[in-house]
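For reference, the structure is listed below as structure tokens.
The chains carry the letters A, B, C and D, assigned in the order they are written, with residues numbered from 1 in each.
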Amino acid sequence: MSIQGLKIVTIGGGSSYTPELVEGFIKRYDELPVRELWLVDIPEGEEKLNIVGELAKRMVKKAGVPMDIRLTLDRRKALEGADFVTTQFRVGRLEARMKDEKIPLKYGVIGQETNGPGGLFKGLRTIPVILDIIKDMKELCPDAWLINFTNPAGMVTEAVLRYGNYKKVVGLCNVPIGMRMGVAKLLGVDARRVHIDFAGLNHMVFGVNIYVDGNNMTEELIDRLTSGEASGITMRNIVDLGWEPGFLKGLKILPCPYHRYYFQTSKMLAEEMEAAKTVGTRAEVVKKLEDELFELYKDPNLDIKPPQLEKRGGAYYSDAACSLITSIYNDKRDIQPVNTQNNGAIASIPNESAVEVNCVITKEGPKPIAVGDLPVAVRGLVQQIKSFERVAAEAAVTGDYNTALVAMTINPLVPSDTIAKQILDEMLEAHKEYLPQFF
Amino acid sequence: MSIQGLKIVTIGGGSSYTPELVEGFIKRYDELPVRELWLVDIPEGEEKLNIVGELAKRMVKKAGVPMDIRLTLDRRKALEGADFVTTQFRVGRLEARMKDEKIPLKYGVIGQETNGPGGLFKGLRTIPVILDIIKDMKELCPDAWLINFTNPAGMVTEAVLRYGNYKKVVGLCNVPIGMRMGVAKLLGVDARRVHIDFAGLNHMVFGVNIYVDGNNMTEELIDRLTSGEASGITMRNIVDLGWEPGFLKGLKILPCPYHRYYFQTSKMLAEEMEAAKTVGTRAEVVKKLEDELFELYKDPNLDIKPPQLEKRGGAYYSDAACSLITSIYNDKRDIQPVNTQNNGAIASIPNESAVEVNCVITKEGPKPIAVGDLPVAVRGLVQQIKSFERVAAEAAVTGDYNTALVAMTINPLVPSDTIAKQILDEMLEAHKEYLPQFF
Amino acid sequence: MSIQGLKIVTIGGGSSYTPELVEGFIKRYDELPVRELWLVDIPEGEEKLNIVGELAKRMVKKAGVPMDIRLTLDRRKALEGADFVTTQFRVGRLEARMKDEKIPLKYGVIGQETNGPGGLFKGLRTIPVILDIIKDMKELCPDAWLINFTNPAGMVTEAVLRYGNYKKVVGLCNVPIGMRMGVAKLLGVDARRVHIDFAGLNHMVFGVNIYVDGNNMTEELIDRLTSGEASGITMRNIVDLGWEPGFLKGLKILPCPYHRYYFQTSKMLAEEMEAAKTVGTRAEVVKKLEDELFELYKDPNLDIKPPQLEKRGGAYYSDAACSLITSIYNDKRDIQPVNTQNNGAIASIPNESAVEVNCVITKEGPKPIAVGDLPVAVRGLVQQIKSFERVAAEAAVTGDYNTALVAMTINPLVPSDTIAKQILDEMLEAHKEYLPQFF
Amino acid sequence: MSIQGLKIVTIGGGSSYTPELVEGFIKRYDELPVRELWLVDIPEGEEKLNIVGELAKRMVKKAGVPMDIRLTLDRRKALEGADFVTTQFRVGRLEARMKDEKIPLKYGVIGQETNGPGGLFKGLRTIPVILDIIKDMKELCPDAWLINFTNPAGMVTEAVLRYGNYKKVVGLCNVPIGMRMGVAKLLGVDARRVHIDFAGLNHMVFGVNIYVDGNNMTEELIDRLTSGEASGITMRNIVDLGWEPGFLKGLKILPCPYHRYYFQTSKMLAEEMEAAKTVGTRAEVVKKLEDELFELYKDPNLDIKPPQLEKRGGAYYSDAACSLITSIYNDKRDIQPVNTQNNGAIASIPNESAVEVNCVITKEGPKPIAVGDLPVAVRGLVQQIKSFERVAAEAAVTGDYNTALVAMTINPLVPSDTIAKQILDEMLEAHKEYLPQFF
């Protein structure tokens, strides 16, 4: 940290999420003195970067904090001497995500942009870029923490640990905080009274125990969830299909919204196919929302985060990100669920793999709390997604076609090796420009 | 062992397989002096027991070995002082298997009578009976080995270890020997020159390395398998759909025929639905074959195993079973692939769980050869079937509806919790008479 | 917890430590409303119980808190409805400890009252009593937490988990807090700024990383410790012999004072033999201190914890114990080093064994923070003490002579099986009255 | 393998053991067609190499097998195209071993030339040479197997796996075969009827189960061993001190002779100190034996292995080595106890570490048989020796003084860090010429 305060670099700074992040830093300025916030983007994103950057400057000015907002297309310059680097970029932008979702659907397969076939391609596009950033960081800011929000966050964290050989990385997701908020709402209590033992993988995380004021309420919560009176805990971007009461009662733990893709595959597929015909895929919906947001951002009179942003699907995002950075910076030793090296916390996952688990957040990073093992019933699925993440990361690094085909085939959403090949081939072609390692 | 020779008890002795077993014992009489072979069945199977039993007597007589064939409906009497007990019974007979296959198909789901929804119900019907046999064995022949062929053999072995608390159990399957024969044929070499490192679970076993004369030929074999010139390694009862060359090349190990259910789910489903409309389900095909076999068996002039039996799908069965018993009896310390307690042989499976793995066969039973871990790509699926087996076994023992629903939902062939519930409910009702623990 | 506040039961309430505990509860009354503190002892301890109890009453009165001090010899009555049970008794009193220390010395072996031959006998005497308390607790206060200070605390925790099958147990020791205080003093900083990653076993715990304000200072600390300027981190009851600089630098972690018994066996033995001839064994020194303390306690004008108590060797004891109870009661989720079930926190120790490790303290008890694995260099010794603890606990439960002999022989302080047998035989005889399971 | 037969290279070919090896190859010529046996030595050993080499030639001639004996000082030339490389050299010859034994004794510590302080120095001298050979092998005969007899064989195998990154290595020892012979003699049966489940580390191996004709006789054997009628199972080079009956009965497994160093440290020390005063250390005894052997070898009329060689302490050596090579060459898949990568065979040892365990010997090398875990009682000591081996290997590779001091201090035979330092310093000086990495 430089003497004057922290230097934070946000790669993909032109993202529509940025105002939340800026708001988060402003709110916490007293304990987290960010003196420079560098927003970095690529030439294709320059226009958005400027729009968002100007809004950020207005927000900072209004708040009256001495935070310097810097806009640049020069990533290496930005990284120099950084204390924290956050990554929230999207290789190929929403257009690529649309393909991630639409191409699989043509073959009757859910695209699922993180742990599904779409996620495989998002990983193939993203991992080489992240590893490139890591290479720069090792040179320009070797002590900086990488806080990654870029999806697929689990696969990316795995790749940074395993292939980037960089340990100061944390993967972040708003699913856990969303589950906590949802539980609080369902039980009618303040979210601060709710604690959840999270364990699993990114977008494959379970609430193993749910507490209110430290009292274990897991069973009561599941009773509520399955009693019909509550619509369940879900997220804006995943349609709520409910759970079979007996299934949840038998499981005895709380799945995350993304589990619906795996435990309700056929229902989710039907829903997505229907949506594709009507409202469009999630990417298309998001695209429209984003366009509207940027219209708002352009308004020179806007100097706060506009409330419409919360519809975007990134709720609690800023809270999670800024909380994490604040706790690292201040060695707070509070508990947050993040993606980090397992280190024995979850028994059946290799020690060196990335998991999403409650951690004590220290100046030396997250220290996972040991959970022993996940319930037998879910251990297989979790392992399967970990297998998928690892093979996908290997394919991203090697550019090997067969490895990519294995990753696609073993994904639980993909119903055969032949369909896997068809989707793979069409998607490789469609994303060609972002996948030099395969061509 | 009594002084006069071995006493072997075959529960489900009226099975159409029995002549193979008898042939196997006759062939090995010199090193495996079976003096009494007790064929046990239930009253409903008495007619078949008599038909098979008389054939067995004729076979023994023709061979000129002093093996006493005993037919009985009194299981406890048979078990008294037994040295080996083999189990090959089928609770509910082929009629139950038909339901196991047909009901899921109504919901667009493969029945799969071992590791699929059908296998769940076969387990729910079978495990209580096996545990009852174990109870008798502990009392009447506590030193006897249980050699189980009854499917789902993996789940049954797991249940005997975990809930029967009986360690002298081995689960047996003809898939590994079939793979070895298939490899030999494909490579054009004598099967005795082929060795395969088997590892995985029952009907979820992989050939991790394939050797000819001790030389590792795995890569060559996969090249052959994917070159189009060979139709692959399959088994009579699983249609051969081929593999995507790139998938197999990326996997780098040899799947077993049952892996098609998981890596080619949609194709297998289409095939099964088609078959159901034309030739009938596998159970119906088998039923017809069995009826024909019993017609043959009735012939008082038949005194050998009729060659038609090999079409039944149980090829190499006798060889595997008798080989195993012979090696235990003679402390042969040769290597055979069986289902036994893992004990560290496969890293990501719990030590106390059942696995299918190459073992040194000793008088104290099978000692698994350590394989380290399975390739990352398949670790997840294997774990998932193990989760399924364990939850299913728990449901069989407890009769808990929710646990059964979890087992059904986590099965990789079942596409949602709601479909799981529908299949479960209809199957519980259909098999009611064999599932007292649930009613 | 009853509506009126907490009921806490202290078994071995007549201990000289009790005033510290009482002071701790008084100090924390606002957040930890102890309404009843039951001090329980056995008839032989009645006199001391009364002396300590009267002092406790005077302390409470002076502090003006409505805490009810109850003295009783009826353990079952005390346990009824308890919220927390603390155990700090000593089977056979200091006389037994003297034998634990003196008999081994006759054979040229350090007695070491916790992880040495003395500890074995302390365990053999204590474990049956603890398991008896557990039996009562399961009946009379099944939701209560057992906070055990009785040594050997690691072995006792292991026994409660493994043989008592009671999970709500925490073993407590003042070694970690002592190390933290020592580090703070050595580095000249306030102890609240120091954080240590503790991992190992009771009296075999290491400071794996040492932080000041979250910054890792392990290397600097070891440099200081080995530079000759500092006398090291030690405890009142273990003579400070210093460490070979190169050894500590090579180890790269901070040993605890008890490690001197294992890494400096010959020096410690020489020191103890010398002490036995002059000042007496530690037990004799403590006996004298205790007698003096009880003289003080008798003074009807004394209504605070007398400062002399700190010399007793139990410094920070009250702080550790009351902190733990307060954090459990209030679900504080702060970090404390305690003895609890490993659950994967330390890789090479079985998941179900007791370890001493930093934990997040919640209403559901301590949740260990995963440390991955200990450095290779110390893994063996830690495992060896765990082997010793487990075999000793088994001997305590079974009363099997050979098992006890194995425990004694494998202890790293004992130089041969024959000397082990000699010590074992003499000690069994000497402690006969407290070891009914062996006679 | 060249078309004309096998090329075997023996590094340290001038060893007095060589005639046994030659005899072993002659005996097995039919199944193991060794066409070239290259005996390699260093210039200082040229005289011995010639003496032994000439004897080998006479032996081969007498046997009438077409095995070409080649003597050379050019290691690289010998390695070119080799099929098997055996290593049996001794860096610093017996003079160095004398120091390994004598210097520690001066400080009241057993030297123990394999797992003790002497073994540490043998490792420090040997590992760099072995890693140099590995470097040559990777270049000149990358498919060759390294069969290492050079002690400390466990530490050397660990170093080759971990630092040489060469997987085709097997460590060999005659302790297991000696134990088997001893058991056979004790039970009065032919050794071929005896089978032992070996598990542990080199010179720290246990007979976990002992069978005669496949029947488990472990308990009977231990009864015999402790009944006083039998003197126990020992080896020529370790004095037999007997075991405390209760200790062995409690242990329930068979220790190896080297376990006496750890379970009877004080007795062994006294014995060695006495021996040093009278017959001399083991190294001195061996030196005398060797001199006598070489006198015999010189006799131009000698054309067989002289029977006196068996007194040397290497009994069964030839059998173990040639058996292993024959089984690898012929893919025999028989069971032999060797040092190889653990791979899960022993639960508490890391998968990638070397262990000594029963293996199935295949053309692809040894495949360990899973033993689950060692009994709790010995797990600690085994782990401790593994810690020692690993830290020692690291010191050998890095030449780091502090690492060497840690290795010396954690050795169970060394009573304090200060004595460790004294021994270390004196030995470093004494062996200076063979330890360039430290100077």
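Just so we're on the same page, a contact is a pair of C-beta atoms (placed from the backbone, for glycine too) under 8 Å apart; a residue touches a chain by one contact, two chains touch by 3 or more.
Quick caveat: nothing in here was measured; it's all calculated off a predicted structure.
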{"item": "Touching both subunit A and subunit C (chains)", "value": "none"}
{"item": "Centroid-based (C-alpha) most distant chain relative to subunit C", "value": "B"}
{"item": "CA centroid of subunit B to CA centroid of subunit C, Å", "value": "54"}
{"item": "Interchain centroid distance [CA atoms averaged], subunit C/subunit D, Å", "value": "44"}
{"item": "Multi-chain contact residues (two or more partners), subunit D", "value": "none"}
{"item": "Touch-based graph of the chains, sorted into line, ring, star, complete or other", "value": "ring"}
{"item": "For the subunit A and subunit C complex, residues of the former touching the latter", "value": "195, 197, 209, 211, 213-216, 330-331, 333-335, 342-347, 351, 360, 362-364, 367-373"}
{"item": "Interfacial residue positions of subunit B with respect to subunit A in the complex", "value": "243-244, 246-247, 249-251, 263-267, 348, 376-381, 383-388, 390-391, 400-407, 409-410, 412, 415-421"}
